[in-house]
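When the chains are written out, they are named A, B, C, D and E in that same order, and each has its own residue count from 1.
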Amino acid sequence: MKRVKATTRVQRPTVEEMGLNAGKRTRLKRLLYHFGPGNGTLLFLPVDQGLEHGPRDFFANPESLDPDYELRLARDGGYSGIVFQIGIAEKHLGTFAGDVPLVLKLNGKTDIPPDKSPLSPLLASVEDAVRLGADAIGYTLYVGSPIQEADFVQFRGVRQEAERLGMPVIVWAYPRGEAIEARGGRDGLYAVDYAARVSVELGADVVKLNVPKLDREKAKASPKPYNDLDMSEEDAIAKVIRSAGRAMVLFSGGEKVSDDELLKKARSTMAAGATGLIFGRNIWQRPHADAVSITRQMKEIMQEFMA
Amino acid sequence: MKRVKATTRVQRPTVEEMGLNAGKRTRLKRLLYHFGPGNGTLLFLPVDQGLEHGPRDFFANPESLDPDYELRLARDGGYSGIVFQIGIAEKHLGTFAGDVPLVLKLNGKTDIPPDKSPLSPLLASVEDAVRLGADAIGYTLYVGSPIQEADFVQFRGVRQEAERLGMPVIVWAYPRGEAIEARGGRDGLYAVDYAARVSVELGADVVKLNVPKLDREKAKASPKPYNDLDMSEEDAIAKVIRSAGRAMVLFSGGEKVSDDELLKKARSTMAAGATGLIFGRNIWQRPHADAVSITRQMKEIMQEFMA
Amino acid sequence: MKRVKATTRVQRPTVEEMGLNAGKRTRLKRLLYHFGPGNGTLLFLPVDQGLEHGPRDFFANPESLDPDYELRLARDGGYSGIVFQIGIAEKHLGTFAGDVPLVLKLNGKTDIPPDKSPLSPLLASVEDAVRLGADAIGYTLYVGSPIQEADFVQFRGVRQEAERLGMPVIVWAYPRGEAIEARGGRDGLYAVDYAARVSVELGADVVKLNVPKLDREKAKASPKPYNDLDMSEEDAIAKVIRSAGRAMVLFSGGEKVSDDELLKKARSTMAAGATGLIFGRNIWQRPHADAVSITRQMKEIMQEFMA
Amino acid sequence: MKRVKATTRVQRPTVEEMGLNAGKRTRLKRLLYHFGPGNGTLLFLPVDQGLEHGPRDFFANPESLDPDYELRLARDGGYSGIVFQIGIAEKHLGTFAGDVPLVLKLNGKTDIPPDKSPLSPLLASVEDAVRLGADAIGYTLYVGSPIQEADFVQFRGVRQEAERLGMPVIVWAYPRGEAIEARGGRDGLYAVDYAARVSVELGADVVKLNVPKLDREKAKASPKPYNDLDMSEEDAIAKVIRSAGRAMVLFSGGEKVSDDELLKKARSTMAAGATGLIFGRNIWQRPHADAVSITRQMKEIMQEFMA
Amino acid sequence: MKRVKATTRVQRPTVEEMGLNAGKRTRLKRLLYHFGPGNGTLLFLPVDQGLEHGPRDFFANPESLDPDYELRLARDGGYSGIVFQIGIAEKHLGTFAGDVPLVLKLNGKTDIPPDKSPLSPLLASVEDAVRLGADAIGYTLYVGSPIQEADFVQFRGVRQEAERLGMPVIVWAYPRGEAIEARGGRDGLYAVDYAARVSVELGADVVKLNVPKLDREKAKASPKPYNDLDMSEEDAIAKVIRSAGRAMVLFSGGEKVSDDELLKKARSTMAAGATGLIFGRNIWQRPHADAVSITRQMKEIMQEFMA
């Protein structure tokens, strides 16, 4: 078994070295330095689960069904931005406009039809995002899907429009499909690492990844050398950040976990070189005071990792 | 079994908080306050069954085959608007123009080909609706259909054109497809609740829903927590209205039922927080005098629920 | 068995009540009053069988292979118009232009590939029709086809262009597909009645239908109440005309039949309320003199039914 | 001198005979029957003087500087609609949307540069009007201006877009230019009569005219037979209404006059066959209560002239 | 002489009542509350004099020739934004992007050709502004210019694109031309008051005005009632703010004056109801420390006028 040790924590990409045009640079720097932790890191509150999973995610905290609840959280907690689909953004930004930066998620789908050939269709355009005053757009890319081609082509259009209008592109990079499952699974290092690199190759400015799960048994099905790596979780996180290169990396929180686990994940990913966190259910499934309090603790951790 | 009690009736969204542009606001307020009950509620007469089901629906009342019959009903009953497909609107609005507001249904299909992968193709554009002087457009969205992606993309185009031209968007939100049937069926709370949220996420201003049917046996196949909820019908209605958020909710009448059942449905849905009703066959399958009389009774009920 | 009696012959729609713009009205009135019978009825000579069936249809009368033959017939017989595909129209209208009104058929196909999912692709545009001086366009719609969606979308484009350019739209409404066969067949009352209504819902100004065939055994497979109707042929014809509403109805002749049968069909459909006839092979498979003679007899019948 | 007597009051054009498409008909009927006097006449409140004359017109009643003042007047007085330029409409329609119909004036200018070759440039499009939910658009046409050509061409674009989108066109028909002055002046019967006809020739649905001033001395410079007509004012008014044909005629109020003169003008123009009145300064230069009171008196007069 | 007294300071328009779409609202609120004084007022640093006047304006402080000098000033002084033409913005925003909001001036000209018919041509588009991440665009409108028509038409295009992309529109409203000079001059109350109203009528969200100069002698040439008004400077300032209605008003500094005069102007305009100040030469013609110091004093004054 190959023992791989990441010698140093990965250096976060700086806005200056990312080769961004003026608009992307302006908007990204605003998110990095004028909202959220304000030290060059990013903390986003994603609220697209109502579409992706349905209202079932809101039962844990019935107040969370109302997007104003999350907007208040984002404002009171001081997030870098909130992530909405077009319909919610249009109807709820209202008086929060200007105070809570918007990341408009451009594509999305329900989890109802079978998931064998996932493709998340475009529900809005970059121009919609501009009209709403958004500071970035989000796009879900299913790396490895049997209809990955359609996804790549759809993304090309988004990237080009985003380039023209100076809008930073955040890619939700999700390995999916039978072939992925056959090579160690969607959360294996092989899959996440590949998805990270695909995203930056295709033009992401920021990539949202899941923390890779190190399951040696499942990893045996991965292509070389992933089938035979001996890596700590911290090194695996650093590895996928490194694969994302000059795209900034965000890690997601996934399903709700305990406070300790949450803060541990925040620290370990930031320590490895992540630029930020994007935690949804772990935040808004809590009551307001509790959510603001855990946010404060997360931000304290993030302050240690000034970019 | 989880006993869930909706503590209060849902607050109807107001036009002011819906984030609408001037044209949408003007047209929607005209429907809410200058036609129909006139107290901020909506009462629509849908006449798209000739396309969706074929002429068989008109046998119960042969006069109803002539769209002028429904136009007279809408005028004499004082409806907020009538729903037509493009061909009927073009040929029949005639002297009723200006007296009966038009909701132009933009997509539609027959019920002849197999319904496994339903998609309702566009038969008209928002610009057609503007040219006809319509005050809103209607769109049927099949949530959960295996070709949901194509539906979402088609809807995006409609939403953007409607935004550009200031035209309110009414979504007929219909859960459909094998996966829906496998999770409790198209009328289950899970399905209707999800469809409500999908509609507002994608940009509906008004959503037409069916009253959810509470069948504990079928619901066991639904995802958590829907598989184990103990909810009254009223609370279930309030739940789906709440999931629609800042989109106004209309409930449909479905097949013809008795007067008592009809009025009971009108009362229970309005009491739960619906903004309006969209009853077709239950109205125009009756003779004119009878239809106008039941309409009067429905409107008396609606008067109790000033928005 | 439900005995249904149409109490009166259906009233033909008048041009005035059809809601047509000036161009459509001008062209349609020219066809109704300045050519053909000239009393507000329509008599068309369709010549699209060379594409739809191939040259085999012309063997019965070899002269008919030359479109000039049909043009002479149309002129000498005094037809309301002749129906051609674009290539024939371009090459043959020549000196007949102005004397024989043209209906340009916009879509068409061969009968060579399997017919399970029929769709008739566009071969010409409404603008082609304008350029050729046509007075109407024709479109074949396969109601019930498994790919009905694509057909509906294609037709939307035609309807919108025809509206913009003031060109009357004649729909060849053909029920087709497995699902239609499973519900009583393409010529059953259920199928023809539905096709009539679909056409007017989608925006036809004139609909070409086949006379429904009353086969009680096959009709049992139709949806209610069609599975249990006891109707005379005349009443069935009146029924489908009524379902077409404010679209004028033409009946087709189909394969060649005897003189008596032909004239009987002309009389019975006109008596039931049809606006006109569209007979092809029954006319041009005859020698010129014979064809002109039977045309004269048909027109005498049509004179009895001044619209 | 030729004595010309109009034998009867002119018949107002009906919406039905105006050849309007469905959208124009819907919007115009709404203005005629659902707002304002409601009997088929029109009463508009124009508020474009802030642009055309500058704020000096608001000194007489300082409150009138705030467009909300005029909106309240239009609502409380029950006007058929209010006339605004785009900037005022965007910022003030607000909560009045749906309650006070909007006529969006599409062109406009200041009175600062010399007026020898007047042309009022387009400040907004018909699509802007649709987006704002307007029920008609307004256009100032300078008949006789040395650069009349540019005006006609500019109007053609407006007319075509209005036709496509079903928006009624109201033309402010103003005779202007040296050549007009040389033929009896801008208010002479020759000039107003010609302007009325030009407007309908070019495609106006409604024309705003000034009451012609009968000055025999000045009229001598008019072309035959205007140089030698002996006509009462009532007949002159009837004459220009007749020249406007199937365009409805509105008369303007001009500078503020006494109550008696105002009501006399309302009666005489309506009696002659005008469809409505468009009085601005005469209304909003009064305090609210006074303005609502005179409006009530005007509407009582208009009630005598049901169209 | 008419003594006119403005009874109260004008109420600043709030973002909420301005009828802005989400993008305009977001960007404007960012300028009002997240940069500059941060209390709902605006303080801009304009740097377009290099084009409008040429490099002569930079001699007073040679450092000011380098746009980085003004960018540092804007950042260190905490301005709401800096105003640049496209070329300077492209080349200098660099590392300041995100820290100093950009107002992209879309049109501009030199002062070399004779100024009789001024028109400031478009040098960039709203889309350029979006691409650069600007938060507003600027447009110079020459009210009263003999070629005012071309200016109005050009502005329409800008307004429509800004509406579509959600970009606030700041109008530099400059009375100009012979006719203006003949009516009291470009700085007379008549001229400035008219320019304020024209800007809001045409669709400005923010208007930059010069403080009107009260010269009774020159004012005699103004139209009534401006020719005979007795108004204090404060009341005159309040008057033009009131004429701008729901457009926010900025006052310019003009040529460099003494510290006292500058601060007095800041106080008097803010006290009268201005939303902000736009002082260029008065700031950047000073050395850095001096400029930052005077800016601090200005902002202290602005803090007294929380909007």
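Operating definition for what follows: a residue touches a chain if its C-beta (ideal position, glycine included) is under 8 Å from a C-beta of that chain, and two chains touch if they have at least 3 such contacts.
Quick caveat: nothing in here was measured; it's all calculated off a predicted structure.
> What chains, if any, are shared contacts of chain D and chain E?
B
> Could you check which of D-E, C-D or A-E has the same interface as B-C, with more than half of the contact pairs identical by residue number?
Repeat interface, by the over-half criterion: D-E.
> Enter the angle, 0 to 180° in steps of 5, of the rotation superposing CA atoms of chain A on those of chain C.
140
> Please tell me whether B-E or A-B has the greater number of C-beta pairs in contact.
A-B
> Have a look at where chain A meets chain E and say same if over half of the interface residue numbers show up on both copies, different if under half do.
same
> Determine the centre-to-centre distance between chain C and chain E, using the mean Cα coordinates as centres, and give it in whole Å.
Using C-alpha averages as centres, the distance is 68 Å.
> Taking each chain's centre as the mean of its CA atoms, how far is chain A from chain B in angstrom?
Chain centroid spacing, chain A to chain B, equals 36 Å.
> Could you put a whole-Å number on the gap between the CA centroids of chain B and chain D?
41
> Report the inter-chain centroid distance for chain A and chain D in whole angstrom, where each centroid is the mean of the CA atoms.
Centre-to-centre distance between chain A and chain D: 58 Å.
> Which residues of chain E are in contact with two or more other chains?
Chain E, residues with two or more chain partners: 19, 21-22.
> What is the complete set of touching chain pairs?
A-B, A-E, B-C, B-D, B-E, C-D, D-E
> Which of the residues in chain E come into contact with chain A in the complex?
Against chain A, chain E makes touches at 16, 21-30, 32-34, 89-90, 93, 95, 97-99, 102, 127, 130-133, 164-166.
> Under the touch definition given earlier, write down the residues of chain C that touch chain B in their complex.
These residues of chain C touch chain B: 17-19, 143-146, 148-150, 152-153, 155-156, 159-160, 163, 175, 177, 179-180, 183, 190, 193-194, 196-204, 223-226, 242-243, 245-247.
> How about chain C: which of its residues touch chain D in the complex?
For chain C paired with chain D, touching residues are 19, 21-22, 164.
> Mind listing the chain B positions that touch chain C in their complex?
48, 50-51, 54-56, 59, 65-67, 85-88, 90-94, 108-110, 112-114, 119-125, 128
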